[in-house]
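There are structures below to look over.
In what follows, chain A forms one complex with chain B and a second complex with chain C.
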Partner chain A sequence: MSWLRRREVCIALYVIPVLIILINHFTGQLAAAQSEVILWASTLATFAILLGVINLSQHHITIIARKSKRWPYSIILLAAFLSTFIFNYAYKPGYDFVITRLLSSLQMALLAYVGFYSYTVFFRASGTKNPHVIVLLISMLLGLFYNLPMRDMIWTGWGPLGVWVKDVPNTGGMNALLIGVALGTLTLFLRTILGYEESYLGG
Partner chain B sequence: MSVKEWFARRENQDRTIFVLYFILIAYPMLSPMGLPIPIGEPTIESYELLENVPEGGVIVIVSDEGFPSWAELGPGEIAVYRHAFKKVREDDCKIVLLTSYVVDGQILTERCLSNVDLTGLEYGKHWVQLGYIPGYEAVLSAMMDDLKGIAPIDQFGTPTKDIPMLEDINSIDDYDYLYACTFTAMDVYIRQWGEKALARGVPIIINMLSGTVPLAMPYYRAGTMTSYLNSVTAGSGYEKLIGRPGMGAALMDAQSTAHLLGIAVILFAQGAFMIKLLSKPKEVAA
Partner chain C sequence: MILVGKKFELILFLIILGLIYYMIDRARRGIKTPKVRKLAALQALREVVGQAAEQHKPIHISTGIGGLHDEWAPMTIAAMAIFRKVAEYAGEFGVPLKYYCIRAHMIPAMEDLIQAGYTKGGRPEMYNSDMVEFVGDGQQRAYMAAVMGYISREKPAANIMLGAGFYETYIVLGSGAVAGCLQVAGTPRLYYQGTVVALSDYPVIGQELYAAAAAITENPPDLGSLAGQDYGIVICSILMIVTALLATVGATLWSQLLAW
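What follows is the complex of A and B.
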């Protein structure tokens, strides 16, 4: 069975489904096969979640068994994971409490934290004579004024000015960026189907 | 220690900004000031596109937002749900709800539904919840050709082939309105839906974080993304359009005051530096 571990087999597992999708996109002749391939992707994603759970458990059980650095955190993690899992199947109100009152609130608080730090970044970035940073600060001010709900109370020109910035310099820059990304993706794709790109094989 | 010396310390600068930020966000929420809420062109377009879904039309809602983004995306999401269910009542439209990115979306779908009046409506006849289907882009792609294939059962375990509403709903040929709410990249939806939706004239509307709007502009201008909702700003505008002010309206005052603080912080820091630079040019340069 060692042939299964050959590099060519792994590349074929990538190239064949990709070619099915590609050929169908241009000819429409492999619709059924394409549909099947995409369904497989969703099925594999489900297994990937299962694999993630196994890896996570294995990793933290090892940390606890070896009493490695910060091992009590691993106990908290596994306890939280198991209790949520059990609540979901055995005690629905408990699960709802964990999700809506704990997880949801904690995640929102974590993101809100970024808001606080953004303002100190504004403060630190300002106070410069570097022309590049000054251009960035002017852009930030324009963005803030454009997104300010009460902007029209200050000056009615912020709206049209913001729309112009969004539609002209921003769209132009983003178009260029997207074309660059598309060309890069195409190159990567060609390298991969021709077997030159091996990073996805762990090489 | 003088005020100037105290403020010269970095940790005190941070503390001052944090306290001001907290006060300026908390105060308007506790005591709304009723500052004006602008309604942008894309918000009006999004509203009209849903309003123009024909009688008996199929509205597909993909809720791919996560808990951290709820404050930004939630107001728009709830407003769209309310509007879509109004279409169900008035024009006999059907709604398909699903999540493809993270399981948060499925839970937040329930939260949105708890804000909608479902009296008199029947699950399986007026709307269906397919729940979280892992696979993200693969799911978004597959739902264009074979919805029941990608979702053999609904969120509650009922086989989708046994759900009456889904008898005639399975692919892009059956959809009339595609809506997604995302807290990550929006281009994924355009990549998987754009070509087929554009060919059939089905509008694509995406509710996204303000940070991703610049990325969306090329797609919007090219017409591959029909319209978009720019986070809580659009959410509050949408609430106004459907005549149901809610969370978005309450958050807008806080957004105004928080943005004003951002502007003030930049102007203060840069202004102070420039004054210092002009008064002692050589010293600063050294």
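What follows is the complex of A and C.
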């Protein structure tokens, strides 16, 4: 079975689905094959979760066995993981409790961090020496004033100026970036099918 | 055979693909290897790993929430090409790496990539399986909590985030900035360009990630592909100017081509 690990086989496994999706995009003739390929990808991803479960369990069991730093947290993690897994199959009300009462609250708390960090981006940016940041700060300020409820009380020009920034430099810049990204993706695709790009195969 | 409205797109696609291939082939045959301008982030990688070695601290690497199974795969592949080099430097300088894995299928690929990097760098014994830790498949909040906790506790010397970043970008780079990490970050995702520029010491903007992935190997075919990409940009720019002029004079040629 060593032929399965051959580089050519791995590249073919990448190239064939890509070509099916690409041909279907232009011709619409391979819709069934495309759906099948996407379904296979989902199925494979589901099986790959087993790898994750093994990695997670091994990692935390080792921490507990060695009594490494913060080992009690690994017990909590494994207990939470196992109880959620068991509740999902054996006791639905318990599973619903875990999701709605415990997980949702914790997730909302984490989202608050995202808010905090996105607000502090502005302050961090003001301390950076990167010249690109000046453009970012000016556009952020314009965006900020544009969204102020009382902007017209300060200056009536904030509205039209904000709309112009949003529609002209912002759209232009975003489109330019998008073209670059699309061409980069295309180049990477070609390098991959020609076998020059192998990082996705691991070492 | 070809769908209505797709013919012009297909022609453009094939022209650009052909051009990139031509440039790769020219570079491969040694006819002309293009010179690539120095990307600050790429040049800094070795220095970043060296500083981590001096401080006896680890480096945190992240590919964001994107995996190899979705439309973000090209970004993840480009990031992996760069992390392959980072792992090699880490092996050379003896620096531990930490990667939190949000996609289960990425575990074997990243384990293999890091292990190969340490081997190539001359310290295969440094690699251990704890360097790649799974936190839940697609569980963005679990990932954010794990990374934030790790960076706050361990205070790694550097935080390198490349790939398809979503709003975990704020957390990964935000907590890195609070912990005083040297940060290298980049994503071609449009909405996070400002965050990346503001929070990282060495930002990789837009398609620079793809350019960096090609340039890091310094192989002539990879460099040739960058030249092909640049010619693609020239074609797109010419098209934009021509269509702007056509639209100004009221010609409908462009819309007819798009509807072809």
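Some observations on this one:
The rule is simple: the second predicted complex is superposed on the first by the 159 of 203 C-alpha atoms of A that agree within 3 Å, B and C clash if a C-alpha of one lies under 4 Å from a C-alpha of the other, contacts with A are read in each partner's own complex, and residues count from 1 in each chain.
Definition applied: a residue touches a chain if its C-beta (ideal position, glycine included) is under 8 Å from a C-beta of that chain, and two chains touch if they have at least 3 such contacts.
Every value quoted in this text rests on a predicted model; they were computed, and no experiment measured them.
Using the contact criterion defined above for the overlaid structures, shared-chain residue A:99 touches chain B, although it does not reach chain C.
Residue contacts after overlaying the shared chain place A:131 against neither chain B nor chain C. Look at A:107: by the touch rule set out above, it reaches both chain B and chain C.
In the superposed pair of complexes, A:188 makes contact with chain C only, with no contact to chain B.
Once the two complexes are overlaid on the shared chain, A:174 sits against chain B and chain C alike. Touch criterion met: A:51 reaches chain C, while chain B stays clear of it. The interface of chain A with chain B overlaps its interface with chain C at residues 41, 44-45, 48-49, 107, 110-111, 116, 118, 120, 122, 128, 140, 174, 178. Against chain B, in their complex, chain A makes its touches with residues 31, 34-35, 38-39, 41-42, 44-46, 48-49, 99-100, 103-104, 107-108, 110-112, 115-116, 118-120, 122-123, 126-129, 134, 137, 140-141, 144-145, 147-153, 159, 166-167, 170-171, 174-175, 178.
Interface residues of chain A facing chain C in the complex, by the touch rule stated above, are 25-29, 41, 44-45, 48-53, 55-56, 58-59, 62, 106-107, 110-111, 113-114, 116-118, 120-122, 124-125, 128, 130, 132-133, 136, 140, 174, 177-181, 183-192, 194, 196-197, 199-203.
On chain C, the positions that touch chain A within their shared complex are 1-3, 6, 9-10, 13, 16-17, 20-21, 24, 67-69, 73-74, 76-78, 80-81, 83-84, 101, 103-105, 107-113, 115-117, 119, 129-130, 132-137, 141, 144-145, 148, 167, 170-171, 173-175, 177, 188, 190, 193-195, 197-199, 203, 205-207, 209-211, 213-214, 219, 221-222, 225-226, 228-229, 232-233, 236. Against chain A, in their complex, chain B makes its touches with residues 13-14, 17-18, 21-22, 35-38, 66-71, 107, 111, 133-136, 138-139, 141-142, 145-146, 149-150, 187, 210, 213-215, 217-218, 221, 233, 236, 252-253, 255-256, 258-263, 265-270, 272-273, 277.
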